[in-house]
Amino acid sequence: MAISRRAFLAGSTIAAGTLVGSAGLSAPAVAQTKKNVLRVVPASNLSGIDPVVTSGQPVRNHGYQIYDTLFGMNGRFEVRPQMAEGAEQSSDGLTWTIRLRDGLRFHDGEKVLARDCVASLKRWGARDPLGQTIFGLTDELRAVDDRTLEFRLKSRFGLLTKGLAKIGGPAPFIMPERIAQTDPSVSIKEAIGSGPFRFLADEWVPGSRAVYAKFDGYVPRNEAPDCTAGGKVVHVDRLEWHIIPDAATATAALQRGEVDWYHGPDLTLLPLLKQDPAINTEAYDDLGYMTVIRFNHLQPPFDRLEMRRAIQMAVNQVDYLQAQVGMPDLYTECRSTFFCGTTMSTGAGSEAMAANFEKAKALLKSSYKGEKVAILTATDLSWLHAASLVTEDLLKRMGVNVEVQAMDLGTFYKRRTSMEAVDKGGWSIFHAGFSVTDILDPSTHLGLRANGKQTWPGWPTDPVIEQLRDDWMSADPQGQGAIVRKIEARAFETVPFVPLGQFQTPSARRRTVTGMLKAPLPLAWNIKVG
Amino acid sequence: MQSSTHASATEMAPATSPEPERVGSTWGPFLRHHGPMIFGALVLALIVAAALLAPWLGTSDPQKLAPAARLKVPSALYWFGTDALGRDLYSRVLYGGRVSLLVGLSVATLAMLGGLVLGLLTGFFRQVDAVLMRILEAFMAIPAILLAIALIALTRASVENVIIALAIAETPRVTRLVRAVVLTLREQTYVEAATAIGTPPLVILLRHIAPNALAPLIVQGTFICGSAIISESILSFIGAGTPPSVPTWGSIIAEGRSYFQLFPNIIFFPAVFLSLTVLSINLIGDGLRDLLDPRLSREL
Amino acid sequence: MLAFIIRRLIGAIPVIALVALIIFCLLYFAPGDPATIIAGDLATPEEVQRIRVALGLDQPFHVRLGIFLLNLVRGDLGTSIFSNLPVTYLIGQRLEPTFSLGALTILLSVVVAVPLGALAAWRARRAVDRMALVISVLGFSVPVFVVGYLLIWVFAIKLAWFPVQGYTPLSNGVGSWLSNLVLPTLSLGMVYIALITRITRASMLEVLSQDYIRTARAKGLSDRAIIWRHALRNAAVPIATVVGIGVALLLGGVVVTETVFAIPGVGRLLVDAILRRDYPMIQGVILLLASIYIIVNLCVDISYAIFDPRIRY
């Protein structure tokens, strides 16, 4: 059977080549050769196509394939023009003029105009937290002519282009004006961008397959690719996402060469993949995830600072990393509120995380009154669930009356918004994982916001840290370093969350797949197969 | 689910009896005849004992994490090895057996009770029959395991919800079985006689009909028990099973399935316990059918 | 005959309507709010409320039920909450894999189980019979996903005879279609083979004890002729009934098999929908599966007339 199948594949090369070129025609999945198709198992299902309505990673990754952004970020997270030729700031710093580069086209053949960008950014700004900040500071965003757009700000704001190069979802993708005029909370119906790949809508089987073709009309920048910046040159004709919900099956499929690249193999399966000489387990994202313990600051017992400090004192990051990842070459202890290895991370004040269990127990004894502690966890994410179980174990040993409440991710998101007491459906602790793009600097760091009930669940209130954040955003680059040190020190003092170290999310690909770029997300351009 | 099949097998069973079965007066023929059932009973007794006596059988806390001792292969220290979080699999399998067996037993009991009540009602009262049977037919058209998944996913993962969902999914088939028995019996002369002399329907139901429905019901119950244990494992596999703090054979297999190539011990031991248990229960069910229902003695 | 079929078809309508009602009530009264899930991590309560209004989730029970039933009659099953595509379109994409898997499984099971069961009955309490017993009890005792992983390990990874996962449409050639379906069919067929073997044996035993079989034997007919021409024909009605009832079992098993082998069928569509609370999707797929079950059993009823000339309508 296997032989006849291979023979069949070889015979249909030519057919595949012609089919891929013609828009809208659905090429049968099998009628491809390995030469021009990249078959990928994404970390999870592409459930929708609107990168603004849904902030999830699959939609964001899908978005980076079919859309382009005005600015990109290089591997050091510096902003570089992408669709833009460049940006000019007026001398008072209040007007930004962004000019589009020549030759940009959407997949439907239309030219990309400044007014498409205006509509797209406005829609994004209605949903994205950083976008909301930007538009809150913006008097007017307008298209000056077909290739020029202009931001007029109310006050100086150094993060504008950084926001327009944002990698974490929702990202500021550019789509045609007619689509971008959709209500920001209603999903768009057409996936048309100006990015290096086209989405083949008729081949999309939600929950099973999403297919993209190389967009022949894409004009890459004449630069080397670097993360989301630089020239996005596509070497494959066709990119297929095969959604394989069962990790064991997906791994076996990669071993057999039925797929080429498994974005996020289950950490537990890595040893198996490493044994296989045909498979390369190099990560695309060297920074990976940072897991944190998040406390509910509104309800006892963690409304009390001593309780949070006791947990911070007790935590031994290695316990967590072992349970989550197991392999020491994949994790690093990191006592910092930012990713270790980025310029933000100073480690100021981190001596509070002494991993001293006895001292922590004594500290806890003085402030714990026997309240019930509920830990919320979602079983969909193995590393998140593992962290929850380690915390449960830790609290039990400290003598805390603790209960783990497990649920699916959707329910988890809903439950953690409850500000009620534990016995009324509330919670005490949950764990979360930050990707580097989530907590790149104080402006976007969810865990460091401390404006009470307006912020991310956990709701700490600390005017000092909020003031420091504002100072940081308006400071010049020289002054920012000192402010970040103060922010970190303050965070270890007031404990809005406890960092649990960082681990790499490995990726596994056949050795036939070359040219993988290092980035916080899997990028499909620059990749060659075979 | 499995039971649907057994239910129908029982219903389909020939109505006439070829030759009455003689149960031998000595143990020899009995053993020869009921060997599989006795084997099943012995194995089941061992597994139940292991689950009940778990604390005294060298187990440790099944939830105790030991990240440093993760993914150990079976050894003198960890008889079945450890899982990805360093939990002792031997302890988890024994303690998990408690929950799996509880699920099986509870689902069987609930479905039998529900099916008995509904079946007697529909079989005996014509007015109820028309409405109720339509509703049950609709329920039966939804594959039982899917109904259970939906019920659990839409409520909350807990052992009780798993039991209730599976019992709801199984009840319609039991009802149909009981109803079929009642329909046959109510035509019998002694029941007609009882009706004629004015015995209240409830008394007829309880005195004449219920006892006769009992034998097929018990046979059916054993099959439901086995099927519920399997169904529970399927629910865990789909991600709609018991909460993670409650290990069951099914959830241990489901959690450890990604390791099936590297550490087959993680799914091997719970899978063997699960399969042996269901196998024993099915053998007992077959044997009971032979014993309780001589008409069917020549079946499997 | 035609009148019978029409009568049965009409009789199926209230059952399907009841299924629709049951599933609607189930979803209506279930805790959990799809609007929150759609709104995602960053949503404000106002946004969630807007989505709820947009989806009509804020309407009272009778209004929502009325809208649902009205659309149902028009053949409109609504739009998936997540992918924003029509439910009928999404189901349509996935019918072929599920039908292929189901049909192949039934075919395999009947081809294996009927002769096995017949043989077991003919040689009751001998080696063949014991073997059939072991197979049928094992089929009921091992969870389908464990069988699936075992098959993948042996036949896809170690021996590399068949692909691990996926589905190739029939239009791409029978060879590749079949090679993708062999392992799923085997693992799904286990329970079904067990079931049909069991019922075949039981019905055959019953038939074989009848007088006319003894007569046939006395007449000197060969064993083979007796089994195939007389006994099996008479045992066919209960076997067909179980094949029909077993469709429910099959549809349940399909969910698991499709997940293990990453087959894009309706089973997985349903589980994804349930786990994400995609209400219109859940309603649509369950209605579809229930209708399949009802239609298959209708066909079984009709087939009685073919197997058993005494049955006339």
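Structural remarks
When the chains are written out, they are named A, B and C in that same order, and each has its own residue count from 1.
By definition in this document, a residue touches a chain if its C-beta (ideal position, glycine included) is under 8 Å from a C-beta of that chain, and two chains touch if they have at least 3 such contacts.
What you see is a predicted model, and the numbers here were worked out from it, not measured in a lab.
The central chain of the assembly on a C-alpha centroid basis is C. Farthest chain from subunit C, judged by C-alpha centroids: A. Chain geometry summary: the mean Cα position of subunit A and that of subunit C are 40 Å apart.
As a whole-number value, the distance joining the C-alpha centres of subunit A and subunit B reads 45 Å. Centre to centre, using the average C-alpha position, subunit B and subunit C are separated by 21 Å. Residue positions 153, 156, 239, 257, 260-261 of subunit B each touch two or more of the other chains.
Counting only residues that touch two or more partner chains, subunit A has 246, 248, 252, 408. In subunit C, the positions touching at least two other chains are 32, 149, 153, 157, 259, 275, 277.
Residues of subunit C that touch subunit B in their complex: 14-16, 18-19, 21-23, 26-27, 30-32, 124, 133, 136-138, 140-146, 149, 153, 157, 191, 195, 198-199, 201-203, 205-206, 209, 238, 241-242, 245-246, 248-249, 251-253, 255-256, 259, 270-271, 274-275, 277, 282, 286, 289-291, 293-294. Remark: subunit A residues 1-2, 4-5, 8, 28-31, 45, 47-49, 53-56, 127-129, 185-187, 189, 204-209, 242-246, 248-250, 252-253, 255-256, 258, 408, 410-411, 413-414 touch subunit C in the complex. Chain contact summary for the complex, subunit B toward subunit C: residues 1-2, 4-5, 8-9, 12-14, 18, 36, 134-135, 137-146, 149-151, 153-156, 226-227, 230, 233-234, 237-240, 250, 253-254, 257, 260-261, 267, 271, 274-276, 278-279, 282-283, 286, 296, 298-300.
Residue ranges of subunit A in contact with subunit B, taken from their complex: 246-248, 251-252, 266, 268-269, 271-272, 319-320, 322-323, 326, 377, 379-380, 382, 385-386, 389-390, 393, 404-408. Contacts from subunit C toward subunit A in the complex involve residues 32-33, 36-42, 47, 50-51, 54, 80, 82-85, 90, 93-94, 149, 152-153, 156-157, 160-166, 168-169, 171-173, 175-176, 178-179, 182, 259-262, 264, 268-269, 272, 275-277.
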